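Look at the two complexes coming up: chain A is in both, with chain B in one and chain C in the other.
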Partner chain A sequence: MTRRDARAFWLFVGPFLLGLAVFAYLPIGWSAYLSFFDARNTVTPTEFVGLGNYGHMLTDEPFLSSLGTFSVFAVFIVPLTFVLSLALALGVNQLRFARAFFRSVFFLPFACSYVVASLIWKTSLFSGVRYGLANTVLSVFGVDPVAWTGTVHPPLYWVVLVTARLWLQLGFYMILFIAALQRIPVQLYEAAWLDGAKPGWPVFRHITLPQLRATAVAVLLLNLINAYQAFDEFYNIMGDARGYPPFARPPLVYLYYTSLGSGGQDLGRGSAGAVILALLIALVTVLQGRVLRFGRAA
Partner chain B sequence: MQRNRRSFLALAGMGALATACGSNTGRQGDPPPSTAYSAGPPPSDAPKAALQQWYHAYGEEGVQDAVKRYASSYPGAAVTVQWNPGDYDSKIVTALQNSKVPDVFEAQVKIDWVRQKQVLPLDDVIGPVKGDFSPAVLAAQTVEGRVYGIPQATDTQVLFYRKSLLQAAGVQPPQTVDELVDAAAKLTKDGVKGLFAGNDGGVGVLTGPLLWSAGLDYLKNGNREVGFDDPRAATALGKLHTLNANGSLLLGAPADWSDPGAFIDGLTAMQWTGLWNVPKIRQAFDEDFGVLPFPKLDGSGAPSVPVGAYGAMVNAKSAHVTEAKAFVKWLWIDQTQDQLEFATKFGFHVPSRQSLIGRADNLKSGPAADAARFVQENGHLVGGPVWTQPSNTALSDAVAKIAKEGADPAAQVKTAVEVARSELKRLFG
Partner chain C sequence: MAAVLFLLPFYLLLRNGLASRADLTSPQWTFFPSTVHWENLSRLFSLSDVPFARSLLNSLLVATLQTAGLLVICSLAGYGLARIPYRHSRVVFYAVLATLMIPTSVTFVPSFVVVSSLGWLSDFRGLVIPGLFSAFSVFLFRQYFLDFPRELEEAGRVDGLSRWGVFWRIVVPNAKGFFAAIAVITVIGSWNAFLWPLIIAQSPDSWTVQVALSGLLTAQNPQLNLLFLAAAVSILPIVLLFAFLQRYLVRGVAESGLGGS
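Our next item is the complex of A and B:
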């Protein structure tokens, strides 16, 4: 690399590296540091508590139950997103007309703010009053208004949370699948056709799906990580100015209230929780990658 | 999320105050003058210190202009007002950690701020006029006997009810919690729910009133003991499950408890909401509504209303603490007319200086007068400076599980008591 090349490299890459260091690596490092201190209402603590904050978080019922909440959410959202985005991709990819239009239509929600979408879901589609859209539809069938976000038995709030996220992210994963579908050589299908295979489940099962394996694994990994990091729609749909209910409280929401809650910032325990969560995500991601043989040839 | 003047109740506790003292005009009826703090505005030829004052974003029109006007008319310093939309309470605690800004801000003090030496005591500012403030409002700004904020205006919440709907259903305004539960059930018909107390089923706003209804509190004995370690707490909080389970609560309304929309739109016959909604509700129903405190649990309990107040506070790390304290004294002790305007012109709030309540014309009759009386007779502080976030989360979780999931009230209360006790041990040993 010439000196000129090096200068150009640092000119373009430098600002991003600097931003990454200042806004990502430094906070992560500082957070790890804080996790070993009693850091209530301070980012420059002096009282070293060793693994005390970790011990507290690992026995803290609300934190552990928030991990359970995530698990329920992941059980719903990961397979649903996978299957529906793949189905959408297959459908849109087979269109002969207006393919670009439908591709755009389904992708567009991905550009929408999670906060805006959450508020629409909460106040318009699934509001608990008689003129909410869902309740208006139900009223046609003589069903009384349903308190979607306030009903715990059965847990109808999951309908609101899951549909909001599906609407927001299906389009993105659909695009990934469409790109993968378009990379499958047509000759494979032609050969199968010559061998007597008819379009349908056998071709999908033995040609399309194996060819999508790399993308499918990536989608599963991204989905799981995104589920762990769920915050915006939960916070805006389930929370209010007074706080947040213990049910449907994912880890990031709990850690937000622990670390940044008004009046009581416990940055030590919040940081310990964040480190635990990061390690958990890394562990699960590695395990999932190994089980699904991520990165290996089909 | 932009918050209005009442929603600070929703976040921290409650609030209030407003008015004044000072100005030492000698007119009859004026509050007593302050002589507590001698640092006055510097001579006019001296260079002025630059102060920054923070407010959260009040929703009522005109408040921002008013507080800017107050600041610009202060002769002792160049005061810049910063209006803060969004999560103000989190922003302020973050700013206090290592920043010299803001110099002056509104908040409700927390004991951890005092322990971290983030805010200055203002006993010398409030001085001999301290007795003019409502005790509950002053308690919101007091930690271990020292005052850290000058209350700016008092707010409260009451039970609004439609007289005509209660009459049609043959229901009397409820005087006990059981009567409230019965009334809510009887009023639930024809698409109208009996009671709206927030989309969380009353967990956020009714926890305090339910404890007070049984004669209990968050903390007791000078904030050194848990105040709800009592079987009556489970009994009272269990009533919230009855309300949630029998279908008489409105849930999932587009706007939450602090907004009068559900009540005005006829979605509910009763609503627990703030005094600030009186003008809108009167416009909708004229005289067809009344207000009540939260009822007593039984003969051993008492009716109640929550009170709360943001107070003007001084950042201990400010580069101009003397000037900041002088400004706070000038605005929130001496400028009584401004304080009265701040409390009453832009909405319905109760001046927390008791000597000023009589000067608030819009609080002299009707439901507003009733509510102002409830504040004086039945006012309680929600939580308070020693009620920490972990304690609050534990109690809130417990009440949510009781109300929404039908969990055993005694077991849930016990869990919350243990957390609160642990926090008190951390704070006081």
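Our next item is the complex of A and C:
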């Protein structure tokens, strides 16, 4: 290493690091700082309140229920995405013709925004009125129109939220699985065939699945992180001009309303909530890393 | 069968966008609107409360600037981390990785605080600049450059190029496909971004197309047919880009190192 190398290093990496410092480290530090202060309607702290904001958030019913909402969402979306995207990948991979066409069809929704999907889901597919598509289909079977997003018992709004996300993201995970499937050496299958293994479940169980391990872990992890970040479709499907219903608020939606939304504008409490979430995520990541032994490659 | 289900929402966008209001709310479902209302398009662009054309232009500008800037800044950083021998390069790399672990849900409030302190609310700088520093893109570029053939670079050094010269004259032209992949991913992400523009673009003049759509959607008594048409128009550029560059995108996703092994 020479001085020239050091200079070149900072020339190449410096601009990025500067940006990272201003738009990642500084905000995180500021947030941690703000979380100990009263900061209502202002970005500058006014009064030191110690752990007050934390105490408030940890006993705040809506905040805790937002964690519950996220958990329910994750329980639906993570396994469904995993199984369905793997099934799509296996299906598309087996096609003899039009493979690229089908791959494109399933991948295309990835180009759409959650806002657009929310619009279609909320006002056309699952609109609660008679002419909504889902209700039209149901009426063929003599079922009365269902108020999809407004029905809490049973919580039918999950059908809307979960299917919207599935449509948008299945194609992306399918591509990851297809890439992994194509990397499995053909010899493995040939050897299995010579050993008398029947194509079908046993081969899938003992050859395909173990070879997909790394991808499977990545898919689960990404999926969980993305579910935790859910905002766009919740905000647009559940909210309207009258506000947001008290249920189906994931943490991000709740924090948005607490810190920036029309109601609270309480940046101190919002920051405390953000710090609590960061700690939770860190804990889950560490535990998950332990369980799945992820991160060896990094 | 599954393919039909996946295409159904696209069909709904067009069907509903070109229908009359009466058609949309008719209790009898029809596959095609009774008449196709092309004039919805001109009505959409002359809405008074939502500057739709302006929002399209804003999104176009934000996506272009953000993608161009990100490609330069992140490819340089990725290359530096992959190739330049420097004592602290590992530390820097881990510092970058650490920010990947912190989700946006945690940083959006403080980032808003920083951007508003800079006076960048409802301003292109606030929409574009924070998005230039993507740790994830740096990570992908680094992984890619680690596998880049060294012989090519050494040939350049022998010819008397500096590191800077090697990067711009040899590495970039030979990595066009990967740059294209990151560009498509960035354009899509930038065009479809919602939460950040929602909190930064507070005046309607600075709305991006997603914020405008959301405004129409969550308004009282939205004009549904225009809303669907607006959504159809909003996905058109992305779907076209996607169709032409899908090759790169698929390869980029597949090569992104997410596949493991």
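Following the convention adopted for this analysis, the second predicted complex is superposed on the first by the 272 of 298 C-alpha atoms of A that agree within 3 Å, B and C clash if a C-alpha of one lies under 4 Å from a C-alpha of the other, contacts with A are read in each partner's own complex, and residues count from 1 in each chain.
FYI, a contact is a pair of C-beta atoms (placed from the backbone, for glycine too) under 8 Å apart; a residue touches a chain by one contact, two chains touch by 3 or more.
The structure displayed is predicted, hence computed values, not measured ones.
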First, second, both or neither for A:F234, with chain B first and chain C second: neither
First, second, both or neither for A:L260, with chain B first and chain C second: both
Partner chain in contact with A:T149 - chain B first, chain C second, else both or neither: first
Chain B versus chain C as contact partner of A:T123, first or second or both or neither: both
Chain A: partner with more touched residues, chain B or chain C: C
Touching partner for A:N41 - first (chain B), second (chain C), both, neither: first
First (chain B), second (chain C), both or neither touched by A:V105: second
Touched partner set for A:F73, first chain B, second chain C, both or neither: neither
Which of chain B and chain C A:W30 touches, first, second, both or neither: second
Shared contact residues on chain A - chain B and chain C: 43, 123-124, 129-130, 240-242, 260
Residues of chain B that touch chain A when the two form their complex: 1, 3, 7, 10-12, 87, 89-90, 93-94, 96-98, 108, 110, 112-113, 115-116, 118, 191, 198-201, 203-205, 250-254, 256, 258, 262, 267, 388-390, 392-393, 396-397, 400-401, 404-406, 415
Residues of chain A touching chain C in the complex: 1, 5-6, 8-9, 11-13, 15-17, 19-20, 22-28, 30-31, 34, 43, 88, 91, 102-120, 122-125, 129-131, 133, 136, 167, 171-172, 175-176, 178-180, 183, 213-215, 217-218, 222, 225, 228-229, 231-232, 235-236, 239-242, 251-252, 255-256, 259-260, 267, 270-271, 274-275, 277-278, 281-282, 285, 297-298
Touching residues (chain side chain C, partner chain A) in the complex: 2-3, 6-7, 9-10, 12-13, 16, 24-29, 73-74, 76-77, 79-81, 84-87, 89, 92, 95-97, 99, 101-114, 116-117, 129-130, 132-133, 135, 138, 163-164, 167, 188, 191-192, 194-195, 198-199, 210, 213-214, 217-220, 222, 224, 227-228, 231, 234-235, 238-239, 241-243, 246, 250, 253-255, 257-261
Residues on chain A engaged by chain B in the complex (per definition of touch): 40-44, 61-62, 123-124, 126-130, 132, 145-153, 240-243, 245-247, 257-258, 260-266
